[in-house]
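In the two assemblies presented below, subunit A is common to both, partnered first by subunit B and then by subunit C.
So, the complex of A and B:
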């Protein structure tokens, strides 16, 4: 039988605040000793009280606006109780009843809209590492601020699940609310999947696959579950409502906990934290700080950057930001009503934008050190200069790449694009008089005589050889197009 | 309380206090005596006075600290087995404020474990005896602090009041005990019982001392988001303290369930107030009859939640018998908590369970709103309320400890203040024929703390 899969995704995003959600301890534990970023509040000493980090509220507003969500002026925290050593307080502080982020939607590159049910703020749990006879607890991650984004069950294929996860990641990175490091769990996905026969009104029983940390695993887990559940349904059996884990190496999901064993979290209003009461003005001011989003960039660079190149670049907010600056597009246009007023046009010749975007994809991202380079991009002025030299044919495409790479060289970058090109002797000779002289020199050389005769006899392919000779004579500075023209004229 | 007049040294005061503490050892007041540190601090203060330095408003004044206040001096155990061995790396905000003014902690006082109780019989260290009758309870949960002040061992003591835990032992021992407006004093660094009703307060011998302590300890604290902006030291409204105040008495409490001698004491005080030109207003506050039931749902729920952190993993007592995680939790908590702690954890988890939340917790929360409104209504008709603190004077040791409901009923007049967040001052109001102290409480609207304390002088 043919089944229609229905998929909802919950995504946890770690916010990149300076300090934790409820204490003043460093929130960035990357590369730090276990249990070194822990305050008595995180450690849940008796008598300790949570202190709400205002920066987390601001980032939650940006995250919400990035997903076209309403921001609730009134929200509050609740306690979710469970015993486990990763939870020192014995409860997680979350927003069960009244979340800060309301309904909205995410638009996939394909144009499909996935609705967001809500998103809420909460503290992360610690990390346990299990050994044979003991386990170690690391509380560095305790109460790192998270937002949990809950989608509506609007997804119906593995590829849309993949695209939704990826688009969410992009939105959060562009909004600047997370480091977006998937490998280190900055974003984690829980996927709910159910199947129902085509045309059925009621949804099937769902299984939840927890803790997926890559787009690929989201896609594969959905594919696996569709196959698994189809087989069960085809055999006339029932899918069990349960939580399942993902084994990436084996590419399969395995049952962990069924509904009957589900925990009772005994939710209770958090009495140590007053409700969050935001003024409409505050929400508006904070929302205005939202940078341009991927969908904005798609609109702005439509017809300027090829869409396959653009989709690659959209994985790198910093590169898009650079291209935006290069195109002199204002960055804070989100203060306009969402999705209404049109965006400013790009204010630089399209060909120059295309040149730089090509350099980004074909040179920068291909470099071994690209991660390092991304953190130290050349100035907009240098890139503009480079694009202009290329446009005016003062630089060949090879020379353009060479100068571009030198703009990352700590020894040279300060010299500026034009100066670097000069120092390396890469400026193309476009002066026709000077070029003619060089051509004359080459044509007078004995080793070119045969080629000249062949060309006159009708062989087009020797022209390349002659152009090469001229280029050599000019030490690469000659503009090959111009040289070709001069040669044709002289050999008529 | 100043000693800067050099008539007595801080060292002398501290030595005397410590000697008295030891003299009254049989009362089981202290869980820890801070001898070394206290003497060291006293000598330091004396040296500073000798140099003519400014030493603070409480310089050299010995005080007793309820065992649920965190400070690095001695183990902070909340008189609970499960916190044995816990030495706090942090200091409670309130303690830091007192110490900054030169007060010297001479010992930690006994209490019902985690402040669960009305008699200090639920302590891991055994009960504290009443200052006026050794056969009777000290009241609770801050029993040790009340007796330390009543026996004149210290000038003042700290307490916590979640449903009467300062006012009731104060009244059982004949001293002043103040529960401020919720949020007036920071809760940071005080072992939590029920976060939405917990208040930090004091035991003292005079309204003047109470006022001084409040002026020092009150105020907003960035470490406690539920603290109110500073207001205590604002100027007192002259209107409220004019010669003619309206004092309300609650008719609902004036019945046979209250000890006749206590009813008589209330009447005597009312007559005295009238003779001073104040007006007595009779009020009905029917919503208060829901207070005890609402309290014993909301508070256990918060208690169960706040006690979740005591799991034997990070600090305090850990049962060594366990060979897996579930057993570690089960054994540690089974052995580490007192029966009353367990009772409240079970009630709390029950009322929060999925399917029961709406029927219990949410209902209680609604009742609480009614109680808040009932007080607001009352304070439109009067400036203060005067009621008994508890229906009976101090009861005998062991009399109610095995009857939890009878014990809970002792809180019937005190808990509604905590649900409403309003301040209440327990005032000594004479003694019964058997010589047991009687206490009345003066109640005011939220943030009327200073007015309340100053007005209480009218009742002396």
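So, the complex of A and C:
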């Protein structure tokens, strides 16, 4: 039978605040010793009070606006109780009843809209490492600020699940609310999947696959679950509602402990944290700090950068910002209403923007050190100068690539694009008078006489040989296009 | 509300407690009494009263995002645990 999958995704995003959500301790534990980023609050020692980090509220507003969400003026925290060694408090502080981020939507590159049910602030849990007879607890991650983003069940294919996860990642990175390092668990996805026969009104029983940390694993887990559940339904059996884990190496999901029901968490208001009551003005001021989003860039560069190249570049917020500067596009107007972007067109010639964006995709991203390079991009002036030299044919395409890479070289980059091109002797000779002299020298050489005769006799292919000779004579600086023209004229 | 034996066992399970039969019975009776006592509050009509989430009537109590020196060191905090290995807290195996 044919089944329609219905998929909802919950995504945890670690916020890049300096301190934790409820204590003044370093929130960036990357490369630090276990239990070195902890305070008595994280340890949940008796009498310790959580102290809310204002920056987490600001970042939550940005994250919400990045997903076109309403920001709720009133929100508050609850305790979600569970007993596990990753939580010394015995509960997680979260926003169960009144979250800070309300309904919105994420638009996929394909144009499909996935609605957001809500998103809320909460603290992360500690990290457990399991051994044969015991487990070890590291509390560095306790109460790292998270926002949990809950989508509506609007996703109906594995590829849309992948695209949604990826677009969320981009939105959060562009909004600057997370480091977005998936390998280190900065974003984790829980995927709910159910199948129902085509045309059925009721949704099927769902399984939840927890803790996926890549777009690809989201896609593969959905593919696997669609197959697994189809088989069960085809056999006339029932899907069990349960939590499943993902084994990336085996490419399959397996059943885990039965999930505690919501009532088992015994939610209660968090008495230690006064509620959040935001003024419309505060929300507006913070929202106005939202940088340009992927959808804005798609609008700006529509018709200028090919969409397949643009979608590659859109993985790199800093790079997009650079391209926008290059086009001298003014920033988003402050405090404009959502969804009414007023973006001026690009000023730098489109062809030059295209040249630079092609260099980024074809040259930079192919480099081994590209991640390092991306952190220290060349100046807008240098890139514009390079694009102009290329446009004026002062640099061949090969030479353009060479100078482009030197713009990332710590030894060279200060020299500037033009100077680097000169130092490397890459500037093409476009001066027709000078070129003609070189051509004359070559044509007077005995070894070119035969080729000249052959060309006059109608052999086109010897032209390449003659151009090559001129290039050699000019030590590579001649513009081959111009040389060819001069040769044709002289050999008529 | 009637507290059944399986309710007590369910709560014990959520809290990772192991209870003897006698403890299960006596806890069940205690809990039943407590709920009965608290249930007197149900007699009040609170339909027009806003829920109370906290008693201090404060809101928007935030701090700046600045790292501060902590009063307790890692060593002092780890010293509070029963067992540690390599600066991590050792606990019985959990899944």
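Observations on the model:
Here is the rule we go by: the second predicted complex is superposed on the first by the 481 of 492 C-alpha atoms of A that agree within 3 Å, B and C clash if a C-alpha of one lies under 4 Å from a C-alpha of the other, contacts with A are read in each partner's own complex, and residues count from 1 in each chain.
The rule we apply is simple: contacts are C-beta pairs under 8 Å (C-beta built on N, C-alpha and C of every residue); 3 or more make two chains touch, one makes a residue touch a chain.
Because the structure is a prediction, the values reported are computed rather than measured.
By the touch criterion defined above, A:102 reaches neither subunit B nor subunit C. In the superposition on chain A, contact of A:52 is made with both subunit B and subunit C. In the superposition on chain A, no contact is made by A:349 with either subunit B or subunit C. Set against each other, subunit B and subunit C differ in how many residues of subunit A they touch, and the higher count belongs to C. Touch criterion not met for A:476: it reaches neither subunit B nor subunit C.
In the superposition on chain A, A:245 contacts neither subunit B nor subunit C. In the superposition on chain A, A:89 makes contact with subunit B only, while subunit C stays out of contact range. When the two complexes are overlaid on their common chain A, residue A:185 makes contact with neither subunit B nor subunit C. When the two complexes are overlaid on their common chain A, residue A:43 makes contact with subunit B and with subunit C alike.
Judged by the touch definition given at the top, the superposed model places A:267 against subunit B, while subunit C stays out of reach. Looking at subunit A, you'll find residues 40, 43, 45, 51-52, 81, 83, 85, 137, 264, 269, 271, 273-274 touch subunit B in one structure and subunit C in the other. Those residues of subunit A that touch subunit B in the shared complex are 40, 43-52, 79, 81, 83, 85, 88-91, 137, 264-269, 271-274.
Every residue of subunit A that touches subunit C in the complex is listed here, in rising order: 17-19, 24-26, 33-36, 38-40, 43, 45, 51-57, 76, 81-85, 128-139, 257, 260, 264, 269, 271, 273-278.
Of all the residues in subunit B, the ones that touch subunit A in their complex are 68-70, 76, 78, 83, 86, 88-90, 92, 187-192, 194-196, 222-226, 301-302, 304-305, 307-309, 311, 313-315, 325, 329, 349, 352-354, 357, 361, 365. Interface residues of subunit C facing subunit A in the complex, by the touch rule stated above, are 10, 14-16, 51, 53-56, 58-68, 70-72, 74, 77-78, 80, 85-95.
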